[in-house]
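Shared chain: subunit A. Partners: subunit B in the first complex, subunit C in the second.
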Partner chain A sequence: MIEFDHVTFQYEKALTPALTNIDLTIDKGEFVAIVGHNGSGKSTLAKHVNGLLLPTEGTVTVCGMQTSNEDDLLRIRQKVGMAFQNPDNQLVTTVVEEDVAFGPENLGIEPNEIRTRVDKALASVGMSDYATFAVHHLSGGQKQRIAIAGILALKPQILVLDEASAMLDPNGRAELLETVHKLHREGMTVLMVTQYMEETTGCDRIIVMNHGKIVLEGTPEEVFRHTDLLMESNLVPPETVSVRDALRSMGYALKDRSLTAEQLAEELCPLL
Partner chain B sequence: MRDITLGQFVAGNSVIHKLDPRTKIAMMILYIVMTFLVKEIWFMSIPFAYLVMELVFSGISLRYILNSLKPIRFLLIFMFLLNLFFTKGEHVWLDLGFWKLTGEAVLQSCFLSLRIILLVAGASMLTLTTSPIALTDGLEKLLMPLRIFHFPAHELAMMMTIALRFVPTLMDESEKIRNAQMSRGADFESGNVFKRVKSMIPILIPLFVSSFRKADELAIAMESRCYHGGDGRTRMHQLKFRKEDLAAILITLAFLASLILVMVLL
Partner chain C sequence: MSIVINHLTFAYTQGGKPLDPTLKDLTFTIEEGSFLGIIGHTGSGKSTFVKHLNGLLPCEKGTVEVDGHDLSQKSERKSVRALVGMVFQYPEYQLFAETVSEDVAFGPRNMKLDEAEVKNRVINAMTMVGLDPEIFSERSPFDLSGGERRRAAIAGVLAMHPKYLVLDEPMAGLDPLGRREILSLLEKLRTESGCTIIMISHSMDDIANHATKVLVLDQGSILMYDTPQNVFSKADELQQIGLSVPSITKICVEMNRRGVPIPVTICTEDAFLNWFREGRQHA
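Let's look at the complex of A and B:
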C-alpha cells in the first residue's frame, strides 16, 4: 500500500541527508509505529507519505501512485490522512463540525453527503456531542480527536500520525491511542510516528530510526528483545520491558511477548 | 479572556437573527443609501423609523446600540461643534461679535450628528444580530460575482475564517508570553503611557514569531486535507434565501421608495 524505494532526502542547506536509502513496505491494514529520537528522520519519513516532502532520490508509491506526480497529489492526500503534533495549529475553523467538513468541502462533495460524512466521522471518534462547540473550548485530546475526525471525513485508507500525541497530557494521549486502535480494528492502515515507546506495544510492527536510517525493524516482541540497540538510538524502552528484563536477569523465565503491564501480570501470577 | 465575544454578536432567536446573512448585508447597504439620500433633518425620521423597527424585531436591547455609539462620542462632539462654528446662516440667535450662532448652524449640526449616529447604529444592528462566521459566509457569497474581475472573494473569506479561529488561541498565547516575561522580571504595569507601550515589545515579538510558525503548520495541515484554493470547493452549510428574506428586502425597499417619494413630493 505504501512503498519506499531507495528513498534519500536532504533538506536544502543541510549538510547530511535526513533520510538515507530507505526501503520500506507497509501493507494494507497494518499498524506500524516509527520510533526514533529527535532528528532521527522519523517525521521527515512521515511527510513523504502524502507528498508534503518529495524524495531527493528514489520513489515513494502510495496505492499505486507516485508522490512525485503532481497530478496525483490530491488523490494521494485523500487516501492518506495526516494528523500533526500541535492540536491548535491544524484546526481551520471556529466550530467543530465546520472544521470536520473542511476536507470534504475541499473535494467539492455534495452538501448532504458532507453532512453524513461529518456526523459519521464525529461519531467514530466519540465527539458527536461536541458538533456545535467552539474549537478553543476543547481539551488537547479532544482537539486531536477532532483533527482525526476531519481526516476521516475524507474517507482515507491510511492514517499517518506525526507525533500527534506529543503535546497531550496522559489522559489525552490515552484517548487518542484508543481512538487510533479502534480505527485500526475497523480496517485502517496506521502509520504512527512517536517518541513514546510505551505507545508501540500494541502495534503490528515497529520501525526504529536513527540518523536517517532504519536500524531495527520487527514486531514489538522482536524489537524489545534488543533493548541494547534501542539504548544506542537514544530510546528508552517501556518500563514494563525494563521490569521484564530485570526479572529475567534474576532468573525468572518470562516470555518475549510480555510487554504490557497486563501481560506481565498474567505471566507473573502463576509464579507467585 | 477566553470567552471574549468577537465583534459584538448577541446570540438570539429573533426573526432578524434568522435572516440570511446576505439579506442582512443587503438591508444594511439599502439603509446606508437611505441615510445618505436624506438632505433635510425632518426626513431622517424615515431611516430612524426603520432602525427602530429593526430593533424591535431583533429583540436587541437599546443598551447594546448605545454601547456601540460610545467609541464615536468624541468624534460626534467635535463634528457638532465644528458645524456650529462654521456653518453660515441668516437667522441669528446669538451675536457675540466675532461669531454668530445661527439657526441654520444648529440645524446643520444636529442633522450631521444624527446621520452619523444612525449610520453607526445601523451597522451595529448587522453585527449584533449576525455571527462573525455567518457574516463571513454571506460576504463570500455576495462577493463571488466579482471573481470575474479577479477579486479574491474566497481568499478573503478564508482569511477571515482563520483570523476568527485564531483570535482566542493567540489571546492564550499572549497571556502565556506575558506570564513568562513577568516571571523573568518584566514590568508591564508601571511608568507612563509611552513606557507601558514600549514594554509591550517583549510580548509582541515572540507573539509574531509564534504566529508565523502557526501559519506554517496550519498551511501544511490544510494542504494535507486537500485544500487547493476556492475552485471546485463546496460548503456543508448552504445559505438559504427564504420567504422571510424576501419580505425583509421588500420592506426595506418600501422604506427607500417612500423616502424618495416624500422627498420628491415635498
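Let's look at the complex of A and C:
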C-alpha cells in the first residue's frame, strides 16, 4: 500500500541528508509506529507519504501512484489523511460539524452526502454529542479527535499521525490512542509517529529511526527485546520493559510479551 | 525558611464580575530544599497556583509568604522575585537576544550586578544546563535544537540564582533524552545548590522518581499533599479525578489483584526491585 524504495531526502541548505536510503513497505490494514529522538528523521519520513515532501533520490509509491508524479498528487492526498502536533493549527472554523464538513465541501460533494459523512466521522471518533459545540470549548484531546474526524470525512485509506499526541495531557493522549486503535480495527492503515514508547506496545510493527536511517524494526515484542539498541538511539524503553529486564536478570523467566503492567503481572505472579 | 500558603483563594474576573474560584482555600507549606511535584487534571488550577508564588497574580484572599516576605504587600514583591525563578511552558518561545550569552545575561543585568559578576553567572548557568559556553555563547538561540533552546531558557532563570525554582511542565514536547537531561539538571540543582524545586508535570513516572512531596489539586482544592508513596498508593482516588499512577504502581496494583500482596506504596523501579531482593516481605 505504501512503498519507500531507496529514499534519500536532504533539506535545502542542510549539510547531511535527513533520510538516507530508506526501504520500507507498509501493507494494507497495518498499524505501524515510527519512533526516534528529535531530529532522527521520523517526521520527515511521515511527510513523504502524502507528498508534502518529495524524495531527493528514490521513490515513494502510495496505492500504486508515485508521489513525484504531480498529476497523481491530489489523488494520493485523498487517500492519505494527515494529523499534526498542534490541534489549534488544524481547525479552521468555529463550530465542530462545520469544521468536519470543511474538507468534503471543498471537494464539491453534494450536501446530503456531506451530512452523512460528517455524522459518520463524528461517530467514529466518539464526538457525535459535540456536533454543534464551539471548537474553542473543547479540550486538546477532543480537538485532535475533531481534526481526525475532518480527515475521515474525506474517506482516506491511510491515516498518518505526526506526533499528534505530543501536546496533549495524559487523558487526551489516551483518548486519541483509543480512537486510532478503533479506526485501525475498522480497517484503516495507520502510520503513527510518536516520542512516547508506551504508546507503541499495541501496534503491529515498530520502526526505530536514528540519524535518518531505520536502525531497528519488528513487532513490539521483538523491538523491546533490544533495549540496548533503543538506548543507543537515545530512546528510553517503557518503565515496564526495564523492570521486566531487571527481573529477568534476577532469574525470573518472563516472556517477551510482558510489555504492559497487566501483562507483566500476569506473567510474574504465577512465578512467585 | 519556606513558602507558607495560608487560606489562598483566587477567582478570575470576566466583565468586572468574579467567576467561580479557580483556587479554593489552599493552606500548606513548601519546605526549603524539597522537590514538590504538582499534579492535577487540566483546569485544576495548577498554573494559576504557581503564578501566585512570585506575585504574577495578586493574593486577594489569603496570603503567600516566601521566606517571611508577604506577597499581598506590593512592596515585598520585588524581594520575592529575586528569590523565586519561574520557567513557563515552552520557555524557549521567550528567547529574544541575538546570542545565547546575551539572552542568559538579561536577568542578571536587570538586577544591576556589575559586568564581571554577570559574565561569571552566565558562564556558570550555561555550564550547569550543559551548554558549553565556549561553543554556545556566541550562537543565535534560533540555531539550537529544541532541547538546547529549552535549556538556554532555563539558564536565563538560573543566572538570577533563585532559591526557589518553579517550572510549569518543563519537559513538555521534548524527546526522551531531552526529558532526562532536564530532570537530572533539576536533581543536581537541588542536591548541589540546595535549590527548592516546584514542578508541574503530567508524567507520574517523573514525579514518582524525583519528587519528595506531591500536591494533588482537584477543581482548585487540595485533594492530597503527601509523599509520592502515600499519594500514589491511592490509585482509585486519583483515577476518579482523571489522573493516572506511575507505571510501577500500576504493576503493583495488578499484582495485588492477582493475590500477590506487594505494598502499593512502591512507586519507583528501585523500590520495586528491592522488594524482590529483600525476600518479598509483606509491608
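As a convention for this text, the second predicted complex is superposed on the first by the 272 of 272 C-alpha atoms of A that agree within 3 Å, B and C clash if a C-alpha of one lies under 4 Å from a C-alpha of the other, contacts with A are read in each partner's own complex, and residues count from 1 in each chain.
In the analysis below, a residue touches a chain if its C-beta (ideal position, glycine included) is under 8 Å from a C-beta of that chain, and two chains touch if they have at least 3 such contacts.
Note that the coordinates shown come from a computational prediction; the quantities given were computed from them, not determined experimentally.
K.L.:
Should subunit B and subunit C be called a clash or a fit once both complexes are overlaid on subunit A?
P.N.:
Fit.
K.L.:
For A:M197, select first, second, both or neither according to whether it touches subunit B, subunit C, the two together, or no partner.
P.N.:
Touch partner of A:M197: subunit C, not subunit B.
K.L.:
Given the touch rule stated above, what does A:P220 touch, subunit B (first), subunit C (second), both, or neither?
P.N.:
neither
K.L.:
Taking the superposition on A as described, I'd like to know which of subunit B and subunit C A:G212 touches: first, second, both or neither.
P.N.:
neither
K.L.:
Quick check for you: in the superposed arrangement, does A:P17 touch first (subunit B), second (subunit C), both or neither?
P.N.:
So A:P17 meets neither subunit B nor subunit C here.
K.L.:
Look at A:T94 in the shared chain and tell me whether it touches subunit B only, subunit C only, both, or neither; answer first, second, both or neither.
P.N.:
The answer is first: A:T94 touches subunit B but not subunit C.
K.L.:
For A:N38 in the superposed arrangement: first (subunit B), second (subunit C), both or neither?
P.N.:
second
K.L.:
With the two complexes superposed on chain A, say which partner A:Q78 touches: subunit B (first), subunit C (second), both, or neither.
P.N.:
The answer is first: A:Q78 touches subunit B but not subunit C.
K.L.:
After the superposition, pull out the minimum Cα separation from subunit B to subunit C in whole angstrom, please.
P.N.:
Shortest inter-chain C-alpha distance (subunit B to subunit C): 6 Å.
K.L.:
Quick check on the output: what are the common subunit A residues between the subunit B footprint and the subunit C footprint?
P.N.:
Subunit A residues touching both partners: none found.
K.L.:
Please name which positions on subunit A make contact with subunit C in the complex.
P.N.:
37-39, 139-140, 166-167, 169-172, 195, 197-198, 234-236, 238-240, 242-243, 246-247, 250, 261-262, 264-266, 268-269, 272
K.L.:
Taking the complex as given, what residues does subunit B use to touch subunit A?
P.N.:
Residues of subunit B touching subunit A: 2, 133, 161-162, 164-165, 168-169, 172, 213-214, 217-218, 220-228, 232-238.
K.L.:
Taking the complex as given, what residues does subunit C use to touch subunit A?
P.N.:
The contact residues of subunit C facing subunit A are 41-42, 145-147, 172-180, 202, 204-205, 242-244, 246-248, 250-251, 253-255, 257-260, 269, 272-273, 276-277, 280.
K.L.:
Can you list the subunit A residues touching subunit B in their complex?
P.N.:
Interface residues on subunit A, with respect to subunit B: 50, 52, 74, 77-78, 81-82, 84, 86, 88-95, 97-98, 101-111, 114-115, 118, 134-137, 147, 150-151, 154.
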